[in-house]
Amino acid sequence: MTINDNIAFNAQLLIRHRWRTTLLMLCVAMGVSAVVLLVSVGESARLYVAREFSMLGSNLLIILPGKKQTSGGGIPFYGTTTRDLTLQDAASIRQLSGVDSVAPVIAGTANASVGARSKNVMVLGSTLDFLKARQLSIAMGASLPDDAESVSRNVVLIGSNLAQELFAPHNPLGKMLTIDDYRFRVAGVLAIRGESLGLDMRDAVILPVKTSERLFNSFSLFRILISLNGLTDEKTVISDIYALIKKRHQGEEDITIVTQQSMMQAFNNIMVTLTTIVGLLGSVSLVVAGILIMNLSLISVQQRRTEIGLLKALGASQHVVLTLFISESIILVMLASAIGLGFTQVLLLLANYWWPTLSFSTPLWAYLSAVCVALLTAVLFSYLPAKQAASISPVEALRK
Amino acid sequence: MISLKRVNKWYPSGDKPLHVLKQVDLDIAQGDYISIMGPSGSGKSTLLNMIGLLDIIDEGEYWLEGTPTHLLKEEQRAELRGLYLGFIFQNFQLINRLSAAENIALPLVLAEIPKKERNIMVANVLEKVGLQDRAHHRPGQLSGGQLQRVAIARAIVTQPKVILADEPTGNLDQSAGLDIVQLLESLNQQGLTLLVVTHDRVIGKRATRKVRMVDGVLSEQ
Amino acid sequence: MRASDTLSWVKHAVLAQRSRNFLTVLGFAIGISAVTLLAAVGDSLKQYVLSEFTQFGSNIIGVTPGKSDTMGITGILRTNRGITLGDAQSLLTLNEVTGVVPVVAGTAEIKYRNLTRATELVGVSHFAAKAWKLEVAQGQFLPEDHFTHPRAFVVLGSKLHHELFGDYTALGESIRIAGHRFTIVGVLAPKGQFLGMDLDEMAYIPAAKGLSMFNRTSLMEIDLLYSPSLESAYMAGKIREHLIRRHGVEDFTIVTQDQMLDTLDGILNTIRFAGIAIGSISLLVGSVGIYSILTISLWQRRNEVGLLRALGMQQSLLIRLFLAEAIFIALMGGSVGLIVLALVQVTLSTFMPQLPALLTLYSASLGIGVSIFIGALAGAEPAFKASRLPPIAALRAQ
């Protein structure tokens, strides 16, 4: 039988048995849609975070104060140490080969107020290198001064929300802002970038790191962000930093260095595992749909005994009948998959409309594997009924 | 016992509904043996279905044991069926997954008669139709004649007043058919009213009252 | 129809079509397995997380510096408007407060002779033992010293103690932390892990010592114990009042155990719900299976339906019988699904004892209940349709 005839034969069959066709297609479409949707969401989330990470550059090291030799490993959560990590430490790291730029960070919370309006905000003291490393840009006005690490100037950058809440309807540039009893001049407003890996910059204040030392009356750094120039091997730089700090801190190696890569890798692994589990769970529904296909096909073969006997009597071989039945399932499943995939795309489109930041999409391999799994289901579960059909003898055509 | 007065029935069909029963009048007394004959499409099966309360008349009256069945709802008709009527069909209408005894017991199960009593009643009736040793056979293991005898046993197990047989010998060969008719007649002699629809002249002639349906009109011979 | 006859009838009817009903049962069983498995795992996860969090006792309220942070992470950041030892001390004056734990934590190097260990150091008060349910294995916990002028005592976690001293009882020995001498007064019993932090590797010193060691004036958190008969909301209000009087403004956040558990609960419930939703897809397909098979079966048994009506069976009984068939199939599927889960649980737990419960009493009853419900739902339409067939039409079918 030619493929065209095969399709034509099966098409009229599927149309004739509308109820059966609809039910089966509904089930398969549901299963396919569910699996592809789940996998798409998982992948989109993973890619979103991966993008965020990669925007921060790939040659990034983060130094946290504190070290744990405990069996659990992990990063020192509190970041408090007995000996401060200082700007001088940061400056000395800058001298190491392989280091491109160093951004020391002091982090705290304070009360920012303008006249009667006030708000509790996160305050970051850092340098231009920090803004570069975190891909933060200025929407209005100027950025931090070049000497942020050495001179304590009373200038600040404020986040977009803060500008709105404390200054609207006036332009914040050049105006004065009070933070915890100290007065500052607003030099610039950060561009609306919203969240960057958990740090909501819209309500933040950034000042020169030297100024923040004075503001919080402390020399203790929260983090040091280091970007590498690639000229020296990353591992070497890391061990160099450990050695340097150990020397500067009287033999205590009380820092932990985390690479951007390792963080991203860890997160990636988690997401992949989650997506796989969820995808597999969704696929179970396709197995159930397959069982239904087998069940309904077996009944259908029984009901069509006379018709099949007739086909045989007219000269169809076992192979032809087998192919015919399996292709019936394949056509049904392919159509249903198309519907399921289409439905998923509609859902994703709607999701993108409401939450544009996550930019949901379906990876190509998901499409392909969904179709393959569906096909496999069709063939696997219609094999038995098809075999039964193929073994019907032509004599059946004579029965009433 | 049964009284049909000016009964009319129509079947919907395209533009013009078919008038299948036209002004039918018929009185049946207890113990009557009536054959209903006529060409196919004449309405004889329809008539039987009406009397059997399987279908509703559109016009007229149907009195059964003093009850005006034409005024009854389906639930009440079902009750009457179980009470007074026994059916025998051309294609036996036995449930293939149940044994002969279980098939026969079905009306008793519906009447909520406990198992012990049921078994006794079924055994009695199996003897009457001569199938005691086939009690646990399935329909697939019985011959046509035996199947109809099981059907008859089922029809009489609740001791109905009337037996309605629609072409009882239609699927049987001549000798088996004769056996069945003789069995039915013996039941009639014991007091059961017997109505037989048949196209077989030989069988139809054996009845004490003969009714003929032509084109929806009933005439008694 | 009598009950025993009904059961017999339904059983016969379902078993008569063994192959198709077997497949239907199988499909439905997979669906029920999926849903109950995910429900049970969700339950177990919830239990595990909640028990981890409540291991510290329930009448605790946490105060952190800065505003609006439910998880108290802002304690780590620098601030000029912190919460002080003075605040902690003053809270003791409230009648309802039964214990105050000022908290400051970080990492430090602990030295004993030539052994050093960098680990987590937590500055607390003597109330910490009661508040955080810390069991002492040797010696005692920190003594009841003045918050602002405590003696230099330290209590070691069990693992930390073992690493520095082995099996030797170290009570009374001195260790150096960041150059300062501390005397060991106690060793804790093993406690395990909490959110990835090894509690047995920690060392506990008085908060005042911690503050000076970490160069801070502000505590990271103050945990308060209060009498169990009081409502958490009421306590939170009292504490808020008190601290506002001291600070002048509300530059702190108060979190009750209830609030934290509520937030957690919300998150965990969402996860559990999502899991069940995914499982439900399989269940839905399985249900469609029951519906379709029943519809086909009843269609093929039309003349049986007609016969029963001819024999005088009421429509309502007919509906009940076919509904019962559907429920029977669904129940079989549900039972098979649950039994398979139980078997898997038993076999797997011999290799992996920490396996969370795959089957709980709750999830099993959920499974059975859902089976019955879906059976009735899926069987309703076919049953009704079958019962409405006019008897003669049904009988005429071949």
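All chains are identified by letter, namely A, B and C, in their written order; residue positions are counted from 1 within each chain.
Please note the rule applied: a residue touches a chain if its C-beta (ideal position, glycine included) is under 8 Å from a C-beta of that chain, and two chains touch if they have at least 3 such contacts.
Predicted model only: the values in this text are computed from it and were never measured.
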(request) Sort out for me whether A-C or B-C is joined by the greater number of C-beta contact pairs. (result) A-C
(message) Based on mean C-alpha positions, I'd like to know which chain lies farthest from chain C.
(response) B
(message) Closest chain to the protein's overall Cα mean, using per-chain Cα means, please.
(response) C
(request) Let me have the rounded angstrom distance from the C-alpha centre of chain A over to the C-alpha centre of chain B, please. (result) 74
(request) Would you mind pulling out the distance in Å between where the CA atoms of chain B average out and where those of chain C do? (result) 67
(request) Let me have the rounded angstrom distance from the C-alpha centre of chain A over to the C-alpha centre of chain C, please. (result) 26
(message) Applying the document's contact rule, which stretches of chain C touch chain A when the two form their complex?
(response) 19-20, 23-24, 26-27, 30-31, 34, 38, 65-68, 74, 76-81, 104-109, 117-120, 159, 177-179, 193, 196-198, 201, 213-216, 220, 249, 251, 275, 278-279, 281-282, 284-286, 288-289, 291-293, 296
(request) Spell out the part of chain A that touches chain C in their complex, as residue ranges. (result) 20, 23, 26-27, 30-31, 34, 38, 65-72, 74, 76-84, 106-111, 120, 122, 180-181, 212, 215-218, 220, 222, 252-254, 278, 281-282, 284-285, 287-289, 291-292, 294-296, 298-299
(request) State the interface residues of chain C toward chain B in the complex, per the touch definition above. (result) 1-2, 4-5, 9, 12-13, 16, 303-304, 306-315, 317, 390-392, 395, 398
(request) Using the touch definition up top, name the residues of chain B that touch chain C in the complex. (result) 49, 52, 54-55, 74-75, 78-83, 87, 89, 91, 93, 95, 97-98, 106-107, 109-110, 112, 114-115
